[in-house]
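Across the two complexes that follow, chain A remains constant while its partner is chain B and subsequently chain C.
Right after this comes the complex of A and B.
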């Protein structure tokens, strides 16, 4: 982000519904043209945050700017943003064309410009020829496209998407992920989208903000979020991981509670409690006694084997803790339950998160 | 598999039920049939058939008292329907949307006119008008019962019926549609006009139809609050029946029957046209 003015700037925003704190003192800046995901479990405040940007909910405290303009308390019709709603919220009594025209007509655009922009939007989401249908005569995927066209036709400065793919089946969802990314590149508008699906967030966005219980825990690129989680929650929520309790021994080493001493970079002082996150696919399984020269390892015994087709998951008991190891692209199963093994990983593969 | 497995009722029971259904049907429609047949009776004796004739329809429509009663009924019905559609819908929206002081009390009492007996409502309204007139008259004007008090009374009970029907429709209303409209730059009023109202319109129309029927139907309340010259048709029929059933009354009743059947058929046709219109676009 090199832009001087952020597309969306959230400063100390809190939203309370009566006694319930839905969003708790959030600071966030989303860059111009960015594809940004708000990720978190249901009830974490991500949708409320999106609704505050749209103006459908007003913040209890804090400031909210869109391209430098203070809009925190402005009604939704005075904001240069449009929303794709979770269940699309298409107007059932209007045709596809009337749905798409709605925003333009409300701003007094008519005549040839109205026709041109509607045609452009329907073409962009490949809905040409369906203009006279009603929403209930469209498939889920087509309804999704109408919702997109209805928002994009207004050329908003920021497009907000609330679980845009949640109602689609898996195959269609994956297609739409690619299409949304391509669309965003094409129009160059800032996209802010809300999802509880971590794979979707990783696959689609340039940056992710992870939320839990109203707080923004970490903001970063998908790689940063996945490889360098800032907290135990983020490590656990994004992808599968093994969390091992530990404490910092010295600058470069961490002692697991099971007793093993491993090499890992910790940012907290000696003696502090930490958790070590080991991704199942970033660790290797080796016969006992062939530990890697570089990196760290744990000795254990294969407890259970799960065959997934494209991968095999081994459950290894290493003292009191259980470690999941995921092996992909291997022919046959070199290890059997009861085998003595060593779980090994490269030095950078383990992430130490503060407690 | 051969044949259909008999489930539930035995054959005798089913035949018995069919006969019973016909008995109920006859119970409902034989009196109406008799009324319609005798409205075309040429004889002036109600219970003796003297040949087919339109004579009594002519007599009825030449009778100034009857035509004036029809006129009053229609005016009262139209005015009270339109006004109660607007007010009833507004009340339904307020109760559905807003939390305000006294909302719960209003929620409970708005349905009162539906449950309390007509006669109680009639006495209440009469007392109310008397007191109100006494107060207003102290400033000069001389107010009396008339067509406007009848219309006001009909509005008073029709609001409740419209409100009930519209609220049922609002219960299924998806509020995110309004948020979508707001998000697409519609103001509060535009959102109501373009999204909310069209979607609750079937409820509003159904409530209006109900109000129209109830207004055309009402005897007790109208009888209490009408004054000279503001007699409605049902009130006229009721008061003249005390002097015995005349063929004229048969003719008027048949006309009223025809009018209400036309209303029902009209609303059915409207619904069907809407349904087939959306089906047609589906085919295209």
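Right after this comes the complex of A and C.
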């Protein structure tokens, strides 16, 4: 992304609706051909950001470029982007074919080229044979394919997807995740999609931008976001985690508020308040006294055991704090409620986040 | 099937059937007062009108219920009456078209306001509707009269006095005013349930604002337009009060003509035959509306998700026509 021009470049964009600040001064560059997710809880400004890229909302402040061209104030019909809407927004009074043709016809494409491109798009999303049906005669998954074809047939430079899988049931959603990824590889278009489902974002995207209360908190690969969250919110929002209050003791150690001193890399100066994020599946449970020499540990007592089938979740009381430990792939339950245990983890498994 | 048969395998079915019978009986009980009322005051007079339309007018202007014939229907073909029907149809069409032109942007405006503003605007639309129709029409007569404010304003602006009262223009103005509510309400209902993400999708797919309206909003609110047109056309075709007060003798319309047959001309069979004609025309219009309504999309939202007042919102349509 250093040389090439960004597919979408957002610079200091703010969107206010009256008194409400929906998007608060965000900067973001999305690369050409990237599969990018905007992730956050509802009302965090992710959809507004997407709508500003589409031109359905106009930024109050800031600049927005698509492949280098300033489009911040351009109406949606003058932008080289297309959108897959949340509930698909298929035209109910038109057939599948008419829906897919719409964008091409609006741009004056007709005759053999129109037919060829529509056939190509319907083939791509495996809708051949359904062209003459109406949207209400299709299943949710098929409607979602029509929405995709209707957007992709225009060969946009950027495809925007607003919670594209939100209306589908779990099984179909997982199938469509794979299909969307394959489709994106096939067409090579930049995909920007909005979701509140962190698993979906982790599974599908090359990079994720986490938003909260109108701000863009962190942008990174799924691994970076998960393993090295930049803030307490990101750590807590993505996956399950144990947040332990602490303060920085020295460059390599952090003292938990419960008193324990643990090894962890902190980037903030000595004495500053931090939080330690411990993923339940990255910590081990051992009988008291067998703690490994390397890494860090906390002593505690098993409070509660939850059996999930593929995993067992132990709730361990370590002084005033409670730590969740997730054990997978173990036969039987080696620990019982009331057992004295040690929660141990490798150095590097704990992430220290600034407050 | 006997009601008391309660062998185990069919017990459920029998119980269900009994419940269905009870429900039907209850429904009939609830509907009976209204049904009785309509039977006495609608069906019976309608039947009488139909009977009278085949009766004979005696030389003294009385109606003899004997010598049944279709003479009155034949008389409808008379040049004068055809002219009156034509003029009525033309004025009703003009009224309907003007109501769409004025009402659509108005309904669009209301439907796109925030929810609490919409409620206020709708009440404002309804207020004239709750005011006595006769009072309103006389107010227009005063407004348009040669001594009225409109004329005074025109004079003070240097355009001279004008005289549009007792012309078809005055009748059209009065009719558009009287029936605009019937147009605005169904249009509002259609626009209010419009799924605006569809117009956004059209804009996103390279349609200009005007194209998006033409290709998406208009087709999806068609049911409201058709319903509004029926609700305006039918009563304005048979309209009697407005043309009578604002139109004067030169603008004789079918409604006034029928009234004349029953009162001054004492030709009840002809009046009855013309009434039957109007009713049949109305039924045809309503049937067409029903057909187009059942196939319409209703704003693009999945059917049955929302239950608004729907078609026939402005049921008191008969108030003026009577």
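One rule holds for everything that comes next: the second predicted complex is superposed on the first by the 353 of 355 C-alpha atoms of A that agree within 3 Å, B and C clash if a C-alpha of one lies under 4 Å from a C-alpha of the other, contacts with A are read in each partner's own complex, and residues count from 1 in each chain.
As a working rule, a contact is a pair of C-beta atoms (placed from the backbone, for glycine too) under 8 Å apart; a residue touches a chain by one contact, two chains touch by 3 or more.
The structure displayed is predicted, hence computed values, not measured ones.
Superposition of the two structures on chain A leads chain B and chain C into a clash. Applying the stated contact rule after C-alpha superposition, one finds that A:154 touches each of chain B and chain C. Residue contacts after overlaying the shared chain place A:132 against chain B, while chain C stays out of touching range. In the superposition on chain A, contact of A:232 is made with neither chain B nor chain C. After overlaying the two complexes on the shared chain, residue contacts for A:279 are found with neither chain B nor chain C.
According to the touch criterion, the shared surface of chain A, contacted by chain B in one complex and chain C in the other, consists of residues 54-56, 75-77, 81-83, 85-87, 89-93, 102-103, 106-107, 150-151, 154. Contacts from chain A toward chain C in the complex involve residues 54-56, 75-77, 81-83, 85-87, 89-93, 102-103, 106-107, 136, 150-151, 154.
Put simply, chain B touches chain A in their complex at residues 174, 176-177, 179-187, 190, 194-195, 198-199, 278, 281-282, 284. Note for the complex: chain A touches chain B at residues 54-56, 75-77, 81-83, 85-87, 89-93, 102-103, 106-107, 132-134, 137, 150-151, 154. Against chain A, the residues of chain C that register as touching in their complex are 195, 197-198, 200-209, 211, 215-216, 219-220, 297, 300, 302-303.
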